[in-house]
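What follows is a group of structures, each given as structure tokens.
In the two complexes that follow, chain A is the common piece, with chain B as its partner first and chain C second.
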Partner chain A sequence: MPYVAPSTIDEACDFLRSNPGSRVFAGATDILPQSKAGRRLPEFLVDLKRIPRLTGLNVDDKLWRIGASTPAAHLTRDSRLSGEFPGLVEAAGLIGSDQIQTRASLGGNLCNASPAADTGPSLVVNEFSAVIASPEGERTVPVTAITTGPGQTSLTNDEFIVEFLADRPAAGTSDAYQRFTPRTEMDIAVVGAGARVSVGPTGEVTNADLVLGAVAPTTVPIVGISDALVGRSLDEPGLERAADLAKEQIEPISDKRGTRDFRIHIAGVLTKRVLRTAAERAGAES
Partner chain B sequence: MTSTSFKHIGQRSIRPDGLDKVTGKARFGADYYLPGMLVGVVVRSPHPHATIKSIDTTAARAISGVKAVITAQDFPEISHEEAMSGESVVDFRDLSHNVMARDKVLYIGHPVAAIAATSQQAADAAAQALQVVYEIHPHVLNVDEAMASDAPILHSDLDPDGGEPTNIAKRHVFNRGDTKQGFARADVVIEREFTTKQVHQGYIEPHAVVADTGEDGRSVVWCSSQGHFLVRDQTAKVLGWERSRLKVIPAEIGGGFGGKTTIYLEPLAVLLSAKSGRPVKMVMSRDEVFMATGPGPGSRVRVKIGATSDGKITAAEVWMAFDAGAFKGSPVGAACQTVLAPYEIHDVSITGLDVVINTPKVAAYRAPGAPIGAFAAESVLDEIAEALSMDPIDLRYQNAVEEGSESTYGPTFKLIGFKETLEAIKEHPHYKATLGPNQGRGVACGFWFNAGLGSSATVSIHEDGTASVLTGSPDIGGSRASMALMAAEVLGIDETRIRPSIVDTDSIGFTDVTGGSRVTFATGMAVIEACGEIVEDLRGRAAMIWGAEPDDVEWQSGQAQHSDGSKPPLSLAEIAGSAAKTGGPIAATASLTARGVGPAFSTQVCDVEVDPDTGLVDILRYTTAQDAGRAIHPSYVEGQMQGGVVQGIGWALNEEYVYDDSGRMENPMFLDYRMPVASDLPMIDTVIVEVPNPGHPYGVRGVGEVGIVPPLAAIANAINGATDVRLRDLPMSPPRVVDALSSELNGATGTPAG
Partner chain C sequence: MKTHVTCSVNGDPVEFLVDDSQTLLSALRDELKLTGVKEGCGTGDCGACSVLLNGELTCSCLVFAPEVQNSQVVTVEGLADPDNLHPLQAAFLEGAALQCGICTPGFLVAAKALLDRNPTPNEKEVRYAIAGNLCRCTGYDKIVRSILDVAADLASESETVGE
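After this line comes the complex of A and B, so read on.
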């Protein structure tokens, strides 16, 4: 199967436009097993890892930029990123295994569009946006606009994600990601939960967001979490309320990885745990 | 004989096959390539139960590159004939019908045709083009469905009770004494019911074969198996060939655990090669491995045990139904024999049913059947200990079999080390360590017979004083290293000067499978015997050189020594160097049926922590004590002990075949068939107990299998310790644990044993 590795964004765009049967990839950690499982391969595989802007991490006074093809192992090794987005880094550190993480990327994890993708909830809860390259030029969209269903994205065949952007978190804000799997690694989330919590100077919650994965065709931002927690220190009644909100707003399926009822139960458990962890990181009293 | 009297045995020598395995140079089943080789594929049934109305191969044959297509019509129809094959019984007609369906398909994945072509693409296209017309029947996927009164019947000739055909292939019954009286003497009687799901052996290497059949009608086969003689003999039987027409060359084997003691692809590859005149290679994909090979049985089991208030077991009743998959032959018979074997119980009643269902035919899996029985019996014993407020090890110790005990399956035990394993665990620091919240500790024991069977060895001494040790036992647990150590001990030379090899079916005498924990014991016995003959020969040659009598020559530390010290010693290398003058080449062969098998016992303790919110069970600490008789190579004894435990942990916690309503396995991949990964496990601590087997020159007992027997119950008992909830249905996966913790119904009594 033909393989091309463009070294610039323009070169990649030109190739994709003139070869509509192409498919871009980064770490190939999903494409390779899919091809072995008999899924039809594209005419050309286009490797995006050779384009400098797509690999690497950058931070300035305001903004984080994460190249879409940067291996997860680079994220988990970056102490600045771990300090500011510990939850996103936790999620990246749960993809597959150590070996897989030397290849797997945020862009690939998002565009493979598995409802159970580990980094999805963290990207969404931290309000990352994605810079998309296409033959028409670049545009920036919220990450929630990328995945539209299992295996489905809003990107056309000649588009790809260049990098992810997010504001640096303010003081007193942090995030967390937790998932439930029967095994410690080499497994796929039964439920994944990303949370971001901000706390005020006296330790009271000033904002809280929660996004769940593997409980619907795409990640589910849970509505009303801030209302449940803001203005109070982190207490059990508030967390119970948050868990109830989560359980009410998800539509999980039953499959070999978990029944609907079990997923709803676990979503409630993880909601409380992940919000507590994020709040503690942000400086809340536990 | 104490272990200190050995110079080589008991050393942790470097395994001779290690370097090739870690560098990737070792050749496994799929690593063989021959010029002109074709790709062979299997066309498999998409239905769990159907009659084959017709197969039209015309379109498949018309595809460019297709060189041969075979169906059941190309195989001889053979009649029912049961024979021992390794340690299990094989019915050659069933075997033939399993490798290629004839008339009926009995599970999704059942082969209906095989195709050889010049490329994978051509073979796959031909498989798509093959036209098979099926008449679909209802199917059954577990023992309950199969034994229902209105169940569809898989085979028209299974009727163990006489009368209408059923799905019960065989009823094993063992009654001794009077259980009614026994239970009447008991102060506590506990009866419980258990279920387990089918599990796969999970070997990392898929089945793979290359066959090259010549114009002379002879075929050479390269494949990975637990016994290339078994492959030769079963393949010959299925093809209706004389055995000497087949030469099977053993590849390295990437795990078997019992699952590679039967054949699947080999007769297809041989026949495709014969039809095409080209070598044919066939390699299963992982989903083929799951859907068409292996599994161990699923089951429903009831156990009732009574004991006096001071902890003496008075009687036991056991009823077990095991699924056999599509053809008879589940290991329920072995389960009946092992389920109560660690204990002295006179009044017993044990019934086992072998039940056919529409899934792949079950294959041997490490101590076949025993873990399922032990899961039930050791769980009930734990409840009895709890009811009597006794330490669970004390209860077991009080009833433990020892030398002279009459076993629950008949024979009287010779010297065994069961009590020593109980003592080892009770005295281990693990047993006294404190537990935290949500943590619990469980113990359980296990028994396995071990096997003897036939083995051969050829030993050659080379002119430079090095030696070759040839056997026919595929090395799946480090047995090359053990063979070298035992040969070194007899010959008195360093094991690094001995090269152990596993050779093909034309190059050594018949050897049974690497199974039944028998290789170090039985093949080792052949090596010891052949080396002993060599030593006799060397003594004779030394006597010739010295002009002395052989009786005047002693063999010590690799040297011939004159009994009166009148001559300087002659080393093995010196004698070998002048072999041409003393009678020519030095070699010896031993072929034997190994008698004096020593059974194996294991006692294990496990600590778990249960997450009460998610049901996740974390194995915190695990210690296993096992009687090895004599550990020839302690590292590989420990490896076997640990490997058995790890497979038991997987079986206990997450592994299961999940079938949808249509009979299709939903999780035929390692992602969703959840075997434990390294990070799920603590280091498995081992205590090797050595109570020498009087039936072996060095006291060896088999060690490969018994380690998988106790974990299912040890973990269930530990979960009970952590949560006060008893789980009796495997796997004890998070959803099941959450359900059990939230259920008020725990503790319900099972229905009476029938």
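After this line comes the complex of A and C, so read on.
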């Protein structure tokens, strides 16, 4: 299982094209435990971390760029990113322990394609797109086009994510992420919830989006959240309506972490909490 | 395939030959005979294998050995100087923060990573910083107290220096 560490995107693409048994990786915090559990390591391991564009954070007037292999710890330490996407940074800061966060990447979290992956709901709710490198060149797709089911993505073996892009949030817009786990640390989400809320000058909601994780094979954007909340201050009937919408639109399974009914109940609770937090951050009256 | 790795371990330049699928944990223990670093789970859950990789707290069981080419690695063996234990080691002994001891190297390295970044942590920060380290013997309390003792000493030292 030879290890290679290309230093440019072109070099990586060339290698992947001529060695079909290859697999890219960043933090290895998913692939190494999986290989311990019996899954075979690929024929070639392609380390993406030596490619500069994949391991940095960049912001200009309009756009954030987050290198796909940037460790979560670099996200949580960046005060500007935490200011503009507090929810995404919250999600990154929930991945495992400090030891894991110095290695775990957004690209790995998304492409490992666990339904419970913590950064999925925040990437989707903030409308991040992903720049994908392939031997044919680069293309940009919404992150929702990447995960197709548990452990499955739409990328072919010679493709990888270079970076994630999102518009800088407008004034009066903020996000939040919350999850439920039986233990406070080092546990996997039973339900995860990412919200983004915009408020107007008088504190009324002008837009609201909600995406849930761990309640279906891939993340679930809940339809109708804006309609339930827009034009109102954050009152209990509006939040109740949002929670009902969430509970109606998910298809969770029962497993050792929680039953279907419990997940549906928790989805409702988290919906209200996470929308309230995002709205307060955006400047709504609490 | 084998890779010839050149890096620095505990400040010393070292070279070793590893199989590409070997982990850093295995390279440290089996090639360099640095057996302070322990294997508990091998899957990132217990923290017994914690090292500093380029200053960052990392599970060496989740790093492929060839990745550390030209990098700096610090293990528990790098904490003490030839004459003195590291203050954290002394505090763990004084505070009886270990029993069987298999978790201790990992806790010491995690605690060092915390104090390097935040010399004055509160109890909550200490508990979060060692959340990736498991101990089946002590019940954690003595570990937390010992780390807080060192932090308190650091704080009073820097006050004295400041005067």
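Definition applied: the second predicted complex is superposed on the first by the 286 of 286 C-alpha atoms of A that agree within 3 Å, B and C clash if a C-alpha of one lies under 4 Å from a C-alpha of the other, contacts with A are read in each partner's own complex, and residues count from 1 in each chain.
Just so we're on the same page, a residue touches a chain if its C-beta (ideal position, glycine included) is under 8 Å from a C-beta of that chain, and two chains touch if they have at least 3 such contacts.
The shown structure was predicted, so the numbers you read here are calculated from the model rather than taken from an experiment.
> Go through the superposed model and pick first if A:Thr29 touches only chain B, second if only chain C, both, or neither.
The answer is second: A:Thr29 touches chain C but not chain B.
> Tell me which partner touches more residues of chain A in the superposed arrangement, chain B or chain C.
C
> Go through the superposed model and pick first if A:Phe180 touches only chain B, second if only chain C, both, or neither.
Touch partner of A:Phe180: chain B, not chain C.
> Does the superposition put A:Arg103 against chain B (first), chain C (second), both, or neither?
Once the two structures are laid over each other on A, A:Arg103 reaches chain C alone.
> Which partner chains sit in contact with A:Ile188 here, chain B, chain C, both or neither? Use first/second/both/neither.
In the superposed model, A:Ile188 contacts chain B only, not chain C.
> Return first, second, both or neither, reflecting whether A:Val269 touches chain B, chain C, both chains, or no partner chain.
first
> Just checking: does A:Thr259 make contact with chain B only, chain C only, both, or neither of them? Give me first, second, both or neither.
A:Thr259: touches chain B, not chain C.
> Just checking: does A:Leu41 make contact with chain B only, chain C only, both, or neither of them? Give me first, second, both or neither.
second
> For chain A, what residues appear in both contact lists, the one with chain B and the one with chain C?
Of chain A, residues 97, 184-186 contact chain B in one complex and chain C in the other.
> Quick check on the complex: what are the chain B residues that touch chain A?
613-614, 616, 653-654, 658, 666-667, 670-672, 674, 676-677, 679-680, 733-735, 738
> State the interface residues of chain A toward chain B in the complex, per the touch definition above.
Those in contact with chain B are residues 97, 180, 182-188, 190, 255-259, 262, 265-266, 269.
> Touching chain C in the complex: which residues of chain A?
1-3, 5, 27-29, 32-33, 36-37, 41, 45, 47, 49, 71, 73, 96-100, 102-103, 184-186
> Inside the complex, what are the residues of chain C that reach chain A?
1, 3, 20-21, 23, 42-45, 47, 50, 53, 56-59, 61-64, 66-67, 69, 110, 113, 128-129, 131-133
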